[in-house]
Structure formats: C-alpha cells, structure tokens
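Both complexes shown next keep chain A, but they swap its partner, so chain B is in the first and chain C is in the second.
Up next is the complex of A and B:
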C-alpha cells in the first residue's frame, strides 16, 4: 500500500529533516486496509530517526501532535481505529511550538 | 456540522465538526473581536506583526492583511477620502545567538522568513529584521528588508560580533534554565519595541494563542508571578512604549495549525529553547507539555485555564489611553458609548515595573525604604519610554549597586535570573536599557513610598 506521510511543526527533525515521505507498507494478515495504529508502529520502527518520545507515547502519538488523514482530523475518523487506504495522505503536525 | 453544507474536516471549538471555511470564519471572528477590543486598532494606526514563523503569527499576519485589503477596497468603492486604513509591517527577531546556531544557518532561516512574508500579499510588506544582540548596540540600526546578519563594512561586522558574544556570555551566566528562557523572552520584547518605536509603529501584534496563554498561566503560578499575571494575558497591554495586542488570545493552537495546513499557509519551524527539547528542562517546557496532556482527555481545558485567569482584575495599563484613535479599524468613527464597561479598572496609575521583565511590582514585595541612592540627574524625570532608548550620553552603565538593582526586580527575576546577591556577573552584562529602567523604577518606588508616608512628613518650614 502506497502512502504519503507529511511531518510539520518541527516533527520533521525527528525524521531526518525530511517533511514528505512516500512509503510502501503492507497491512498485517494480508488485509487490504491499514489501521492508523498499525501505521504508527510501522513509522516508529522504520522512519523515526531519533527521540521516539517526542513523536509517540505508548502506541499513540504524543499529546500535542495532530493527525490529519486526507485533510480530515483523525478525531472525526476514530483516531487509532481510523483506516487508511491506498494513496492516502497522512499529515502529522506538532503544536508544541506556537507563536 | 456547523454550516450543514460541507463535510466536517476538523473538530473545532472543542466539540464542533467544521469544514475549512467555517473554521476560518470562526478564527477570523475571534481575531476581529480581539483586534477591536477597546478599539485597539484604528484607521491611523501602524501595526507591527511580530512574526515568529509559527502558525499563530502567520495567521495574525494573514488576517490583518485581508482586513486591510477589504477596508481599502471599501474606501475606494465609496470614494471616501476620509476613511483611513491602518498600515501593516512585519518584524522578526533572530534568536540564533541564544541558540548557538551558526550564522550561515541563521541566514538561511532569515531568507526563509523573508520568502514567507513576501508571499502574504502582492505588494511587499515592510519586513524589519532584528536580533537579540541588537540590544547591546548603542547606535540605532538601519534595518532593511533584505539585510544580512553581517554588514559588508568591517566595523559594523565587528560591532555585531561583539554584541553576539556578549549575548552568549550573558546567557551562559544565567544558571537556571527557566531564567535563561525567560530572559530571552524579555529581550525579544525589548527588541520588538525598539523596532516598533524606531519605525513609528503604534501597535505590536503578537500571535499568542489560548494554548500558550494557558501554559503561561501555569508557569507564572509556579514562578511566583501571581501579582503580575493579569498584565500579559489581556487583549491590550499598554505598559510598553508601543502597546501590545493579543487578538488571537481566544484561539487554540490546534485550530491555528490545522487552518494553516488546510489553506496552504507556509510556516517556518524555529528551534527555540522550549521547542522540541527536553520537556523537563524548564518550568516553561513542563507546563507546555502538561497543557497538551490534559487536553487529551478534555480539549476545553486550555480554554478553561485561560478564561479563569482572564477574570483576574487587569491593571490600568491594560486599557488604552482615551485619546487614542477615534476611528474604528474599518475607518468609521468610533462610538465612545459603545465601549465596553471597564468601570472596574482603576484610573491608570504609574506602576513600578521590574526592569528586566516589566512585570508590575506588588508594593508588598518592596523591602524597607532604601537609603536615597545618588542617581544621575538625567534620570530624574526619565519616563519609561525614554528608558527604552539606549543612552548616548556616555552615562556609566553600572549605575546601581546589585542589591539596589535587585530590590526593584520582581521576585521571579530575582530568583531565576539574578539569584546571587554577591555577584554582579549577570548585571554587568545586561543591556544598558535595563539599568536605565531600574533607575527609573527606583525613582518611582521612592516617589510612591514618599506619598505613602506623606502625612507623617514635616513640611520644610515646620
């Protein structure tokens, strides 16, 4: 499954200072859809370069990190149970730096 | 859904699904409410936006320019020559000296900032670039929109290098991390005020939002800044030579960040002392993290904290002077009877302000009346505004002994920035304007004490 991940608000520093990542990830158990929870684990294991505690807390994102799936707030889509499809765009924005 | 026409894209106002357009209208409405509080911005005003690169200040700049453009179009369509529209400028304070960031990287950031500002509207906005170390330079700088951090001229370069070194040395002598961050913040405001005053701006707009105000409230509580807390969280703060406005005070950071993303407004992430660092390093970063944490369970917490603190009685300087612009920001004459009832605010009395952070001092914080200190005659009638300008009269910067200086500082600055009475190591490196403000505060304090015991004083002929 091909996805576009975007990191903003300083999160890009944790991913090699690269803001946009084109990734290919296989859903578990041969399913054709991927839950956001699985995607986060994949990101932590394969993309995160440093300081995982700045991006994740447990199996979810750290408080203060917003998640948008195709420009829609993940709180409207079920948060960790939200499902991503082929060619979706997932954006992570840190609000810990304001002003 | 708010508009019942488009699909909701974001949970706004804590629980309300909103589309992009409704989110934008909601934030713009709050912005206009903050801007129009007490008629803070009128047609004759020049408004300087303090741009940090973040979503708050980016949206403040965007909204201001859109309002300005709309008013200009209205004025032209009515051919109303009397309808003045406010001017807008942008200031950016380079803090790379405080971060230990190399000058080449800092210049890239400046170029990025300039690029973002250039995209805001078709006609270029005035962009004023300054730095924390500029506070150590006695001459008034000529700031240009495309200025480099170092002038081509060698003497200017040497001056800037020395200033940068002094800034680095000053911050290295502040041992407390919270104190270091706070000192940088106070110097940032001083740098903004210098730019605003030099270029004739009448208002400074900050992108401070609900989230950051809430973090400040908790941090101020932990630092013992309770008395001064109301001063910096109102829509209007006129204790500065150029009044400061917080029109985004009622907007949360989540909505600001999401709107910037949905409307493709570029922001620039700048690594500051409190951003992307160890959340346990200082009170400020701890409270930022805590606010994010409690919002997870209930998104209205930050708003509740801000609204609770906003109920504290503001100071007299949180109200603009009556003779300020009588024009509404849309150019129409303002109806003075439509002003909000501010009857609870006492008539503006001159507060004694901490020379470092400009926090109003509680009279109970004053120690016993100090023996009269001989202060240069030039400070006898110095106003706070004058104390903001670096002196060019050659007055010795070490005007006040450290104990006297500390006595006119707020408890928070005493504890965090200049804790050691026996050492002058921090005091001797503070900008001259801080020493001058200390002298002015001492005179005001003595004046207050004299008034307080006035009935007990004998007249000279008794």
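Up next is the complex of A and C:
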C-alpha cells in the first residue's frame, strides 16, 4: 500500500528534517486496509529518527499532535481505529504557539 | 416648480404637508439656536470627540443635509431643505451635549437618544448614529467615502460596515501576529480596538512586528501599537491594556469586547485566553506562527470546538518551540495575522463563513495553504462541555503555568544548573586558560545554522543531536588530531594523554547535557562553559554578536 506521510509544525525534526515521505507499507495478515494503530507502530519502527517521546505517548501520538487523514481530523474517523487506504495522505502536525 | 404645478391635487396636498412639517422643523431649530446662544463656541474647524464614530462639525453639516434628503427622499421638492446655518446649529447642539455630559466618553453603558442622535456604548467608547427618523443607513458621507471600496464589495456592503463600526475587538499580543491584525482592523473601521501586551519593543522584534518602528525600541508595545492605529484612523477608539493577560484579569478584560484575537506567543496564555473566551461566550480567532509555518482557526463559535476540545492535554514543554529559539520568517506571522484580521472582520460584520471547526495550515516553503476539518465540540470538555468545571467565577484560580509546565512568556527561562559546579568554568576563566596557552578542544554543540551566525575561533561544531555518532571525531580532537584544521595542531605537540574538552552552546543548556554524556563516555576532562555564548557576550566580549 502506497501512502504519503507528512510531518509538520516541527515534527519533521524527528524525521531527519524531511516533511514529506512516500512510503510503501503492507497491512498485516493480508487485509487491504491499514489501521492507524498499525501505521503509528510502522512509523516509529521505520521512520522515526530521534526522541520517540516527542512523537508518541503510549500507543498513540503525544498530546499536542493532530493527525489528519486526507485533510480530516482522525477523531472524526475513529482515531487509532481509523483506516487508511491506497494513496491516502496522513499528516502529523504539532500545534504551534509562536507569534 | 413647473413639474409640481402640473401635478395632481394629491401631490400638491402632500407638498403642503411637507412645507408645514418643514416650517415646524425650522421653528424647532431656531428655538434650539436660542437655547444654544453663548454655550457653543462656533468654529469652522472640525471638532473631534473621543469615540470610534465621532463626527466632526464639518461632517455633521453634510450628514444633516443628507438626512434631510432622505426624509424627503422621493420628492423633488429641494427647496424644503432647511438653511445650512440652522442645520449647523442642530449638529452643534448634539455635540455640545455630548461634551457636557460625557467629557471623556467613558462610563456610558446604555444607548440613549437625544435630538435624533443615538449614542451607544461600544466597548467603553461612544458611537453616534442617526435615530428616530427614516434612514437608509447610519453612515455619514465622510464614512461612506472613507470605506467606499469596502462598501462596494457586495458580500460586505453597508450592513457589513455598519456592524464593523459597532464592534469591539481585543487583540492579545502586539507582536508578529498582532501587528498586521491591528493595522488592518484599525484601517477597516472597527469601532473599538483593545490591545494587550506587557512587553517592550526590542530590536529583534522589528523584522516581523511591523507596527513598531526603530524609534519605538524600548517603548511598550501597547503604546507603540496604539499610536500607529490612531495614526491610521483617528475615529478609532483604542484601549491600551499594559498589564498583559493573567488568570486574575482575563475574564474582566475579555468581557468588554465582542471578538477576541489570540496573537500571543506562549502555551499557558493560549489556554487562558481560550477558557476566558468560553466562559464569557466570545468567539476566539486563534493564530500561530513559527519558522516557516502558520496555523489559523476560530474557536468557540457556532457550536465549534474550543482549544481544549482539540488539545485537552498540553504538549510536553520540550515540544514547545518559541520564536526566540526556532526563529520565524517575518512574513509568516504577517500572513497569519492578516488572516486573523480577516476572520475577526467576518465575525464582526456577519460576512462569509468564519473558520470554525476547521484549521488552516500554511507552509511558506512550498507556498501551500491547506484547510482541514476538525472535530466538533467535545461534550466532556472541561470548559465548553456539558458539565464544565471551569467558570467565570473560578477561572482565576487555575494555574496555567503549572498546567502547561511553561511560562506565560516566550522569554527563555533561567538557565538551570544540572551539573556539579566543578564540571563548569566561567567564560572569564575559559578566556584566561586560552591566554595561558592551554592545549584544549572547544566543542560548540549548537545546530549548524546557528553556528553559521557567529562562533568562537578554533571552536569545532558538533551539533548536540549528532553527538553520539561523532564520538570518534571527538576522540581524535582530544588526542590532538584534527582532520579538518590540521595546521591548528602541529604534529610535534601531539600528546599521549587526552586534552581537556570545553563545551559551549548558545545559553548553556545543551552544553551541560554534552558534558554529562562525554564524562560518562570516556572523556573525564570535559567542562561546561557556564552560560554559553550569551554569557560570553555579556562578560568577555561585548562585540560578540548576540542573536
């Protein structure tokens, strides 16, 4: 499954300062959809370069990080149970406070 | 009059009635004139009273003739318009009264009607409009000319401008976001603008805080910003709140305004503003910018979520970057601040669709603007939920700095001593050791882009984030082998034992962590240069650039 992952709001610093990642990931046991829960683990194991606690807390993202699946808040799609499909875009964005 | 001569008896009857009404009006005017004698100083100069829509005497005169025209709008009987001197008197009377009764325009709480003028309180300032007679709208000719290009926008129009002129908007933070927001709101013709900030203007603000000038460095931001707004629009009422926003005054300040703009630079203040807006029922236009990215949304509007609905738990303090650490490209808060002004204008005027339940994300590097859908209001939110724990009565007791583990300022917290004191040397002591000719290694652990701004001679840049991978290089350096700067360490002085390592960074935080790491990884002779380069500038070399 091909996905586009984007890290914004400073999160890219944890991913080698690369904001956009085109990834190829296979859902476990041959399903055609991938749960966000699985995707997060894949990201932690394959993409995350440093300070995992700045990206994740427990099995979810840390407070202050929004997850957007195809421009929609993952809370509206089932959070960790939300599923992604071929060619979907998932954005991880840290809330900013500066001004 | 030829047309009227040929007109039907009905029209002639109507004309007679109008003439009668006009005669009554004229006698009323002359009565007022008598009353006024000796009380009004007649002047041909425009007089401005305090208030967003105060109208000069000159404008009054024009306004009155306009109103007369509206009164007799469909008739072609132009001669029934009263003599202009008399009209001037009525305008003056109204002004004389407002001057007598409300010397500083503060303290009037309800609208009151007088001589067909309505005076109403808009955020502590008096707005004046025509009442008690048929009218198309409340805009006088000056106002129409001034905002004509906005009135011509069909989606905004007269109604939008009238609403805007009546509105009061509070901008919290007169910095990178607040600067453009205040400038545009002042120019657009809001009734009343409140400015909150407790900082003074600094040199490193000027690249993005465009409301302040070089001459304002050292002045309070509120004073500087208020002066700029008044220079743009003398009809605008500007309230200056120098105290900054705290849990103790937030509800009181926010209660005085219709719309709140969050243009602050720190996390605890963002939670505080959100909570105060929710308990006072005010829509909140929230913007943020850092580096080359910006974010914008409207909270607590139209059953949309509040800040706490989206972020019930604050991020860890290490995840919160500030402009003074991470930098910010000036135009980025400029864009977001302008968008905040736009959202505030939309809310105040009732135009368009405010950005509620949606988030705008700006990426300046790719010039991408993304708009995403956010969750709705969280019914278990502790401030806007169905059983809220925070209220206007108890909000002042909430400890926002403790809640977020960060300060209500983007100022850098005091350096914390994490190492035993014996692991550190002062900047002066380090300089002395250099002058004595001590062979050593100077590691600068800042990121490469910071190192490029300014660095001490003979320092080697090993960014803190690369420390682990670059231990072998540090080993070589300590042995006196420098692959990049070989001539600095002639081979004849190569020592068997390791040279001492001194570590420096910007403010003396990462350098301590580096010393800790190196000491427990085979480099016992490693020392922190206490306070970093900022301290070096203060104590050793005033010309070393501070950034």
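One rule holds for everything that comes next: the second predicted complex is superposed on the first by the 96 of 99 C-alpha atoms of A that agree within 3 Å, B and C clash if a C-alpha of one lies under 4 Å from a C-alpha of the other, contacts with A are read in each partner's own complex, and residues count from 1 in each chain.
The rule we apply is simple: contacts are C-beta pairs under 8 Å (C-beta built on N, C-alpha and C of every residue); 3 or more make two chains touch, one makes a residue touch a chain.
Being a predicted model, the structure only gives us computed values, none of them experimental.
Visitor: May I ask you to decide whether A:50 touches chain B, chain C, both, or neither, giving the answer as first, second, both or neither?
Guide: It touches chain C, and chain B stays clear.
Visitor: Report for A:86: first if it touches chain B alone, second if chain C alone, otherwise both or neither.
Guide: neither
Visitor: Would you check which partner chain A:68 touches, where first means chain B only, second means chain C only, and both and neither mean what they say?
Guide: Both partners, chain B and chain C.
Visitor: Pick one for A:96: touches chain B only (first), chain C only (second), both, or neither.
Guide: Touch partners of A:96: chain B and chain C.
Visitor: Do any residues of chain A touch both chain B and chain C, and if so, which are they?
Guide: Of chain A, residues 8-10, 54, 62-64, 66, 68, 71-73, 75-76, 91, 93-99 contact chain B in one complex and chain C in the other.
Visitor: Chain A touches which residues of chain B in the complex?
Guide: Chain B residues touching chain A: 7-11, 17, 20, 52-57, 206-209, 211-212, 253-254, 256-258, 261-262, 267, 269-272, 274-276, 288-289, 292-293, 295-296.
Visitor: In the complex of these two chains, what residues of chain C are touching chain A?
Guide: 173, 175-178, 263-267, 270, 287-291, 293-295, 310-316, 318-323, 326, 328, 333, 359, 361, 363, 370-375, 410, 465
Visitor: Spell out the residues on chain A that touch chain B in their complex, using ranges where they run on.
Guide: These residues of chain A touch chain B: 8-10, 12-13, 54, 62-64, 66, 68, 71-73, 75-76, 91, 93-99.
Visitor: Quick check: in the complex, which residue numbers of chain A touch chain C?
Guide: Contacts found on chain A: 8-10, 19, 50, 53-54, 62-66, 68, 71-73, 75-76, 91, 93-99.
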